[in-house]
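The following pair of complexes shares a single chain, subunit A, combined with subunit B in the former and subunit C in the latter.
Let's turn to the complex of A and B:
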């Protein structure tokens, strides 16, 4: 342990060279831009910029690339809050309360809360990595298909039964999501499903295109119907908004801590940042005293998913370094980079490449700090975007959405698909079907299915595999409790004769 | 019948182009736009790594005036990428790096694609397959492991692999034939994940490529049993304290008569002219002469066979026949 801390200080010495600090700032700025543009995610951004780094030392290169990653994690929140368009999959849950806050003229508060929570989540994860790296890598090895499925199961369960919409509409929406997730190649049998001979459907429905359409285009259609008025117009520019929000945030330390833990666990296992953000939001809503107000602009509803997403995004780098298994698409591209720089990810990386590993870990501390300062100073600026008249900003958003949808697979078919999803999103909002369960099912549906079928293959079709050891059984039971919590709670309140609040 | 005639025609045309390549080498065609390399697989896999190394080498050594861009089109087990290149007739700025899914994907899914739709450029290397087990298990040699499989029941031993009805499962079926016992094949998304599942004890063995499992081998978590090639690997540098790639016996010497190598090569869009093909053949030759390439070959213990022109086409033709026969045997062909 002491030796590790010595190594960490050595890492700081490596990072604090002026050239590396410059790379860090450049990386964060690029990352924020990449995060803001929907579709051009962190993974794409890093893939495009990777060749630039071949002439640098591996340590400088990883500092710049990982800073792009942090920047993208920060940037994803901006469009979610301002326009209800998640720039990254893990920002979807941030829109649930972030956007309503912006509509009430509290965009500055929402952004400050999002950025600060991101920083807290990342910091927590880095500390975990610093202290328990070898132990944590061991934990990831425990995760076979059954354990992975149980985690997805928990993510679904902690999100279902939020209670606001009629349960049948929630289920219907989720089932449509599962059906869409099933389109394309079935990875277990290796044959095509539901493509009906259309080669465009080989790839299935990409989550990002669905989200850009459902949220972004759907929202624009709604606003147009309401007479082109942009609700966020009232947003005042107040440079002190950051400080004022900071005074308020310590009150939510329990939410933060819980979200940090969820995030780290999801990042290491490695299930990723997206289930972490949904799970954290669902659980926060369940536990919070103001849970009923979630979805109407509750600051806790921003803190919970952002903290968890960043904690997961950061800790996802650990399984990549220690095991060579990337916990996120971005980590996968970084992994490719490591191999090109001649570094072999795996158990020995921590022993053989101390400079690199501890330089990276030190850059996680500093990079996130630099990132936080950069994005926070821009909060009033971002919030001011909302003062631009809707008739000017809407076409710009449409163009950015279309570019985003095109970039995902470089396919113009996806742009059409995005428009279709936009109309579906509009129709669903008008008829009161919730979008979130559908989105969750599109993101995690095929992964959950794959893990489920892998487990059953291994057990010869015996469902007992999901209760075959302490770890998996605990997670499954937690999931079941979360699933029926609504029923239990409402039965309890009815028993006690408490009148139901709307 | 017209369909197969067309195929023959295309095939002949491709052979002519490839054969004419050496004579056209002085005709100086050069890319006028950025060149795309399509990867018909996800980020981080073997094909993706190789494409990105090629991109890095071309950029670093300034081998081409235009930039090179790597694009992943992994949908439908790579079908998305193949159809994209097939649809880019007469676009000489599009290359595709292939793995065995060049053959397995059309056969298993029935998508309208064959390697004959593309213009062959050059083979870069062949990727090896090795039988791995967890180092904590008592199987010290392939013979031990095979004996254990034979003594067990059908489906008792679990083989983890990448994808379904692709190379890893084809090798598994061949192993089943050799042992006479069924194995439970569990498909995962990527080779790195398979290696970690094996370290975690969730499967009993894998047939990972060297580069996917080498880190775990060096750390003493996995043990290589045998290599599915006709001869031992060339690389004699010690990887662990006492073993090099060269020390791994061939599977044949261990009583498993199975050989399998995977193509790592380039094709380009249909309708390419001889001097366009010659340009890329020459470019890739320069790439293979760099120290970075040599390092990649060594890290991944690749079989450094490289072919171009008619020899390459002949190799691909034979490989497709082999795959068709293997997959027919295993019942993996798409239902018509």
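Let's turn to the complex of A and C:
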């Protein structure tokens, strides 16, 4: 414990170097821009900018990329409040009360509340990471293949059972991801599979290409279809408004705390920031005395989803750091970055790459603080970006996506793949197939399969190995509970005689 | 017309069928890689084979659910789909010609064309933006971050 605190201070020393501070500011600025622009979000924004970090040290690289992530989380709030357009899925719930506040001329209050709650949520989650992640990692060091597989199993089952999409669509999307991950060289036996004679497929599908296509191109196509025209509210933020709002915010400490807890829980179990923000909003609405007024510009209705979304977005990095299992697509991209920089994600990271891990954790504290200051001072600038017409923004984003896809492996074939993924992403979004499980399956497919096959090899093909000791059995049972959560929850409420609420 | 378009149900059914086919391809590929037990434990096709089976099963359920949908609601009207195609077609051409023209020339054409065609900008405004962005990208990627991008005949001629 004490040692961890020492490590953390060492991490701060790494982060405070001028070059790293500069990267932090650049990262936040890029992140907010990415969060504000349609078609670019945390996951594909980081995927596109990843090649820029190839020549940096891993610590500097992760500082910049994670700051892009914080920036994107902040940026989503700006578009929700001022334009009633959620820049990111997790800020949909913020529009419910944020935009009405802006319409009433209280945009400054809404934005201040949103940014501050984001900061509080993130800070809470970082503290949780600081305290819990080293313990989890230490615990996980003793995991064998069966335990590793059970953790993957739990992560994927939570997606199916806890997601709001139809479970069988989630299953289909996830399994297609696994199948795509299997294409190419089989890492265990070294033989080729599923390439059907195409040499382009030897190395399989890179998930970065999938992320850029599915989220970037797909989003542009959706926006085109909706024919969005941005009509924003003026953004007036001045120090007086900020201070006034800060005086008011402590009153909502209960909402904040509850949202932090919901966010962390949803972030660590890979449900993600979007359901966390909705759930937190829903619960706040039910509990609050002013619940009836939610939707008409209630400040609590901004605090609750923003706190939860940031807490979830941040705590999604916990399993990524401690176990090598990312909790969100963006965390998955960061994990991909780790591999490219030559680091092996997983519990050993805490032993072998202390500088890196604690530098990252320290940068989470500082990055969010820097982010809060930047967004509070630069809102008009970011709002101006949104006023650039879509017919200028769209082709530029298409070009940037193409460059991002090309630079991953210097391959033109990848750019074509990106386009295919883009069209697939558009169709999937329109028909309610979730994208996140597919991306995570592409990232983790090989590792999950390896763990599965190694366990079977050790047991001689007996599936009982996944229930052979207390630990692995517990995780597997948790996974099964998560998988059938929908069924269990409805059975439970029927048992108690409560009418099912939709 | 504007209120006409493909029904949502048909698209859902089509997506489920494409997933089915995908599952079939996965199973077929796995079978040829071997799905049994080899010298090094499970063979290469072992894991993807069962993945393929799950894809088929879940797609069948999705297909059944899609079948039961109300055929009335539209997926999108033709006008909206036209807008989508107006992005898909030029971008597809863009990614296909990219290896031959290099990224800069094709990007200039894409951005300028997009602005004139869909944004109804005057050609000189469009050309300024269309040239400025690739130039900015050139300096950012090739000069600052030292990441080479694909180049074509024009860049060779300019000696870049």
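Methods note: the second predicted complex is superposed on the first by the 272 of 502 C-alpha atoms of A that agree within 3 Å, B and C clash if a C-alpha of one lies under 4 Å from a C-alpha of the other, contacts with A are read in each partner's own complex, and residues count from 1 in each chain.
Heads up, the rule we're going with is that a contact is a pair of C-beta atoms (placed from the backbone, for glycine too) under 8 Å apart; a residue touches a chain by one contact, two chains touch by 3 or more.
Since the structure is predicted, the reported quantities are computational estimates derived from the model, not experimental observations.
Chemist: Go through the superposed model and pick first if A:50 touches only subunit B, second if only subunit C, both, or neither.
Modeler: first
Chemist: Pick one for A:402: touches subunit B only (first), subunit C only (second), both, or neither.
Modeler: In the superposition, A:402 touches subunit C alone.
Chemist: If you stack the two complexes on chain A, which partner ends up touching A:261: first (subunit B), second (subunit C), both, or neither?
Modeler: neither
Chemist: Contacts for A:182 in the overlay, against subunit B (first) and subunit C (second): which applies, first, second, both or neither?
Modeler: The second partner, subunit C, only.
Chemist: Scan A:457 for contacts with subunit B and subunit C and give back first, second, both or neither.
Modeler: both
Chemist: Once the shared chain is lined up, is A:171 touching subunit B (first), subunit C (second), both, or neither of them?
Modeler: second
Chemist: Once the shared chain is lined up, is A:133 touching subunit B (first), subunit C (second), both, or neither of them?
Modeler: Neither partner.
Chemist: Just checking: does A:473 make contact with subunit B only, subunit C only, both, or neither of them? Give me first, second, both or neither.
Modeler: Once the two structures are laid over each other on A, A:473 reaches no partner at all.
Chemist: Figure out whether A:287 sits in contact with subunit B (first) or subunit C (second), or with both, or with neither.
Modeler: After superposing on A, A:287 lies clear of both subunit B and subunit C.
Chemist: Quick check on my understanding: which residues of subunit A belong to both its subunit B contact set and its subunit C contact set?
Modeler: In subunit A, residues 51, 54-55, 186, 188-189, 191-192, 410, 454, 457 are touched by subunit B and also by subunit C.
Chemist: In their complex, what parts of subunit C are in touch with subunit A?
Modeler: 8, 11-12, 15-16, 19, 22-23, 26, 29-30, 33, 37-38, 40-48, 51-52, 54-55, 58-59, 61-62, 65, 75-76, 80-81, 83-84, 86-88, 91-92, 94-96, 98-99, 103, 107, 110-111, 114-115, 118-121, 129, 133-134, 137, 141, 145-150
Chemist: Which of the residues in subunit A come into contact with subunit C in the complex?
Modeler: Within the complex, subunit A touches subunit C at residues 51-52, 54-55, 166, 168-169, 171-172, 175-176, 178-179, 182, 186, 188-189, 191-194, 196, 217, 220-221, 224-227, 389, 391-392, 394-396, 398-400, 402-403, 406-407, 410, 412, 415-416, 418-419, 422-423, 426-428, 430-431, 433, 449, 452-454, 456-457, 461.
Chemist: What part of subunit A is in contact with subunit B in the complex they form?
Modeler: Result: residues 43, 47-48, 50-51, 54-55, 140-145, 184-192, 195, 199, 202-204, 323-326, 329, 332-333, 335-337, 339-340, 342, 344-349, 409-410, 450, 454, 457-458, 460 of subunit A touch subunit B.
Chemist: Applying the document's contact rule, which stretches of subunit B touch subunit A when the two form their complex?
Modeler: 42-44, 48-49, 52-53, 55-56, 59-60, 69-77, 79-80, 83, 108-112, 155, 158, 163-166, 169, 184-189, 192-193, 195-197, 199-200, 202-203, 211, 214-216, 218-219, 221, 292, 295, 299, 332, 334
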